[in-house]
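Which chain is which? They are A, B, C and D, in the order written, and residues in each are numbered from 1.
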Amino acid sequence: MSSVRVQEEDFSLHDEWQACRDRLAGNAGAVVSFVGLVRERSNTGNVSRLYLEHYPGMTETSIEQIVVKAQQRWSLLDIVVIHRVGELQPEDQIVLVIIASAHRADAFAACEFVMDLLKTEAVFWKKETRDNESVWIESTLEDVSRSQEWQE
Amino acid sequence: MSSVRVQEEDFSLHDEWQACRDRLAGNAGAVVSFVGLVRERSNTGNVSRLYLEHYPGMTETSIEQIVVKAQQRWSLLDIVVIHRVGELQPEDQIVLVIIASAHRADAFAACEFVMDLLKTEAVFWKKETRDNESVWIESTLEDVSRSQEWQE
Amino acid sequence: MRSQSITIQVKFFASLKESLGVSQTNLTVPVESTVDMLLRKIQDTYGKDSQLIDISSLRVAVNQQMVEFDRVIREDDEIAIFPPITGG
Amino acid sequence: MRSQSITIQVKFFASLKESLGVSQTNLTVPVESTVDMLLRKIQDTYGKDSQLIDISSLRVAVNQQMVEFDRVIREDDEIAIFPPITGG
């Protein structure tokens, strides 16, 4: 089972976790959740706003492809990915990943994998407003190298 | 910041996550949560009940020591560990770990580390009732080897 | 020579959309044009008085799949042009 | 010779508690007794008609810290005896 959503609205870890738990039978032993928050400080200054642009359709497909890769690699019972777009502020929730599996090693590895690939392969463009200047940002080298580690 | 609790009552990921988020300033970029559930099936049969015994005081200390090890090893903003004891059923929540950090790699690694050490170093004894037979169980070799991997 | 040309709709995203000032446009190109030819047409149309369109820095998706610049485009293709994605 | 003995409270957990049928007890042992001597005393007291108490399989905590069996025990020590922990 999997669910991928790209939306402007905020999400609720509680609602998604509850829905996930309702779908799970007694097989699940582990549920790993990741919530990404907008940080106040980036490498280059204080962030006052973050704008995420996406390509409706292609963005969802790019995330679904990441989900399929995770499902092929680990034994997973459920995956939920919600990614927000549009205008965000520091402390806002930006991304949610929930992964359920029988054993915790699968859920941990898959959740980290999904996050690493979201950072490099998901179709988004980000613009940061720092110190009153807006800049379109690029993937960090660290993100690219974390993503490449999974390809060995 | 850290909070360790051992309790019979169920916990709410939502409430703990909300409390954690309220404590965090704009520094946190990543919050990784783990919820462990009682599985219906173990390696040896169908589980109908799980009983967890603890040593009040020593159990909390053993968990706090794991938390300190994680804090020494990674850059963490907040850790919450709640472990249930007493009679549990399949599908019940048994353990919650929430870890917040600036960058996701720290929260993922620390959350997996805390879970691996909880499985081997936390002071609990477990009794499973499978197919109407109650048995005190021992640490699995897999748990021990996962925990030892962190010692390299 | 109408039958020798096709009109295609092109979407722009992110910094490219901002530079061009449009999110999508219709362009007429010869049949059997490649992505590369389309990019040059866009550069001719929009880039005259700006250095903002550096073709080599752009990425192109046809029907929501990333393609190389030698890809031939058809009238009903969904074409999108954008800077490299920066991820979530 | 009362001053040569101490009375200590001992807690039992898990399968050991079940085997013994008690969760804690008071035991009188000579001063300067070690954990090992205490374990033998427990075996003498409870283990007569059962093979359930295998000393080598037990773990001992004094004041909530795991100790070796040569540890000397004092009157105000909090002593707990249990099978190996199985983790959370």
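Assume a contact is a pair of C-beta atoms (placed from the backbone, for glycine too) under 8 Å apart; a residue touches a chain by one contact, two chains touch by 3 or more.
Predicted, not measured: the structure shown is a model, and the values here were computed from it.
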Target chain D, source chain A, minimum contact steps: 2
Length of the line joining the C-alpha centres of chain B and chain D, rounded to whole Å: 29
Where the centres are mean C-alpha positions, what is the separation of chain B from chain C, in Å? 52
Averaging only over C-alpha atoms, locate the centres of chain A and chain B and give their separation in whole Å. 23
Pull out every residue in chain C that's touching 2 or more other chains. none
Interface hub residues of chain A, defined as touching at least two other chains: 36
Tell me, which pairs of chains are in touch? A-B, A-C, B-D
Chain B-facing residues of chain A, complex: 12-14, 17, 24-41, 90-91, 102, 104-105, 107-108, 111-112, 115, 146
Chain C touches which residues of chain A in the complex? 36, 52-53, 55, 57-58, 61, 63, 83, 94-95, 118-127, 136-139, 143
Given the complex with chain A, which residues does chain C contribute to the contact? 11, 13-15, 17, 61, 64, 80, 82-88
